[in-house]
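Following this line, the structures themselves.
Each of the next two complexes has chain A plus one other chain: chain B in the first, chain C in the second.
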Partner chain A sequence: MEMMFNVILLIMLLLTAIGLVRKRSLFAVVMLSGIYSLLSATLFIALDAVDVAFTEAAVGAGISTVLMLGTLALTTRDEEETPPKGGILPLLVVMVTGSALLYATIDMPNFGDPMAPIHHFMAPHYVEHSGVETGIPNIVTSVLASYRGYDTMGETTVILTATIGILAILGRGRKRPKKLPHRKANTP
Partner chain B sequence: MSTDLLEQVSGHFNYWMAVILMMVGLYVVLSRHNLIKKLVGLNIFQTSVFILYVSMGKIHGGIAPIYVEGVTEQPVFSNPVPHVLMLTAIVVGIATTALGLSLVVLIKKTFNTIEEDEIQASLDKKRRKP
Partner chain C sequence: MKNQAIYREVAKLMMPFILMFAMYVQFHGDFGPGGGFQAGVILAVVYILYALVFGLGNARHVTPMTILRFMLAFGVLLYAGVGMVTMFMGGQFLDYNVLSHDPAHGQHLGVFLVELGVGISVAAAMITIFFVFSGQEH
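== the complex of A and B ==
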């Protein structure tokens, strides 16, 4: 049952992604990308990652879609009907990279295998001791905010840098027209 | 042999789909001229990485890693570490997307288009007559 749900969601994700590649109307593309995010959030719940799921639903399906719609309002609604860039080359690059990655997954431990190496380093410590050491019932929260607090601080720095960058980019050109009449008024 | 193959397929289906989705995203980034569509492709690429990581953290019969109150023997939890890493990645991802979109707005203001080939053409025209 668990596996079936998983497979159906992954196939729906693939269909959404293919629809997204083919659509030319950017409004439809942005909406499909919101649907894609919401589907992946549902998949994360099926994979027990509830914290990732609600963050993805809020950030990926919510904020990201709003930002893209805002950009569409400021730019254009349609993609131009031009043939794909570089002819067959992108398809070739994608095929080669994809087959290399698929070849690499063959060595990976099976999905859901409790004996996989990933479950035997660090994770057992968090699962067994984080409740006593931090007093937080949610293990993901205690790792994020306590054990890896410095990582989270670095993440906040990234957001600060991005905000400064966005303000520098979008704030430009808006102040100049305001200044000009002011200067004219001062000069006799 | 056939049970081996079946186990291989069911055990790796998530990883394969993650790789295929990743390649769809990469294809959009490489082959489209439109800058907004490229950013959407980048988002698909990114989400496929989340799916890959979160799939690795799943344990059969496990539950979400939150302690159950009033139980002496805690149940099996899925691995919380990939979840933490992906939470950080989502937030960094929205920061880069927002920055990219603001660059798109600036490009639209400067070149009056967001199609890459048209931007290149207008740059070439500028270079020819300085």
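== the complex of A and C ==
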């Protein structure tokens, strides 16, 4: 039952991705990417990663879609038609990269394998001791905020830096640009 | 959308609940899913909804840009400040055990404060980005 659910979700993800690539209307693309995020969030819930699913739904499907729509309002709603370019080199690059990625998956542990290395390094310690060491029932929170506090501080700093960057580029947007003296007054 | 009565009323009805949910996610992150990041985003959604329905001018009036910028930096500062305090209290950077006599209480306080810092920073960042994007001239 769960297997079937996962397969259906993955197929829907694939169909959404194909739709994303093929659509010319950027409004549809933004909506589809929101749907893609929501489907991934559902998949994360099926994988019992509720915190990740929460973030994906709030950020990927929520805020990103709003920001993308805002960007569409500033630019254009339709993608420009570009003539398809032929060429053997791009195809070759894609084939080589794709087969390298496929080859890499052979070495990966099976889906849900309890013997996978990731389940034997730090995870048992967190599962067994985090409740006593931090007194926090949610292991994800104790790892994020306490054991890996450095990482989370770095992430918050990244958000700060990104916002400063956006402010530096677009922050003065509400003021009209000063008219250059040698231009006529009505030129935009 | 300024003159649409249904939008306005539904938005007014929903905003307190979204705000409450953001607070719940922020302060209940120790026990359930969620934490500062998610709570910050949900809090930002309240402002975005307000800006969409009541106009960007009103939303900017409610939260001036200077306050947003202050909050943006204050969140990160709170996070790093907790780390500095733990250092001054004899522990390592971000070692919350020293914050209280009982290590588990110290952990609780430390995680609460850093999650609050993350929440404040993320909310301010998302609101700022939205305001800046939608405030552009066409």
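We adopt the following convention: the second predicted complex is superposed on the first by the 162 of 188 C-alpha atoms of A that agree within 3 Å, B and C clash if a C-alpha of one lies under 4 Å from a C-alpha of the other, contacts with A are read in each partner's own complex, and residues count from 1 in each chain.
Throughout what follows, contacts are C-beta pairs under 8 Å (C-beta built on N, C-alpha and C of every residue); 3 or more make two chains touch, one makes a residue touch a chain.
Since the structure is predicted, the reported quantities are computational estimates derived from the model, not experimental observations.
Participant: For A:112, is the partner it touches chain B (first), chain C (second), both, or none of the two (neither)?
Facilitator: The answer is first: A:112 touches chain B but not chain C.
Participant: May I ask you to decide whether A:153 touches chain B, chain C, both, or neither, giving the answer as first, second, both or neither?
Facilitator: Touch partner of A:153: chain C, not chain B.
Participant: Compare chain B and chain C by how many residues of chain A each one touches, and report the one with more.
Facilitator: B
Participant: Taking the superposition on A as described, I'd like to know which of chain B and chain C A:134 touches: first, second, both or neither.
Facilitator: second
Participant: Let me test your reading of the model: by the given contact rule, A:40 touches which partner, first (chain B), second (chain C), both or neither?
Facilitator: first
Participant: Given the touch rule stated above, what does A:60 touch, chain B (first), chain C (second), both, or neither?
Facilitator: first
Participant: Chain A residues touched by both chain B and chain C?
Facilitator: 50-51, 55, 59, 63, 67, 70-71, 74, 137-138, 140, 144, 152, 159, 162-163, 166, 170, 173
Participant: Where on chain B does chain A make contact in their complex?
Facilitator: 7-8, 10-17, 19-28, 30-34, 36-37, 39-40, 43-44, 47, 50-51, 54-60, 62-67, 69, 74, 76-84, 86-88, 90-99, 101-106, 108-109, 114-118
Participant: Give the list of chain A residues in touch with chain C in this complex.
Facilitator: 50-51, 53-55, 58-59, 62-63, 66-67, 70-71, 73-74, 132-138, 140-142, 144-146, 149-150, 152-153, 156-157, 159-160, 162-163, 166-167, 170-171, 173-174, 176
Participant: Please output the residues of chain C touching chain A within their complex, sorted ascending.
Facilitator: Its residues touching chain A are 25, 29-35, 37-38, 41-42, 44-45, 48, 69, 72-73, 75-76, 79-80, 83, 93-94, 96, 103-105, 107-108, 110-111, 114-115, 117-118, 121-122, 124-126, 128-130, 132-138.
Participant: Would you mind writing out the residues of chain A in touch with chain B in their complex?
Facilitator: Residue list for chain A touching chain B: 2-3, 6-7, 10-11, 13-14, 17-18, 20-21, 26, 29-30, 33, 36-37, 40, 43-44, 47-52, 55-56, 59-60, 63-64, 67-68, 70-72, 74-76, 79-80, 82, 84-86, 89-91, 93-95, 97-98, 101-102, 105-106, 108-114, 116, 118-119, 122-123, 126-127, 131, 137-140, 143-144, 148, 151-152, 155, 158-159, 161-163, 165-166, 169-170, 172-173.
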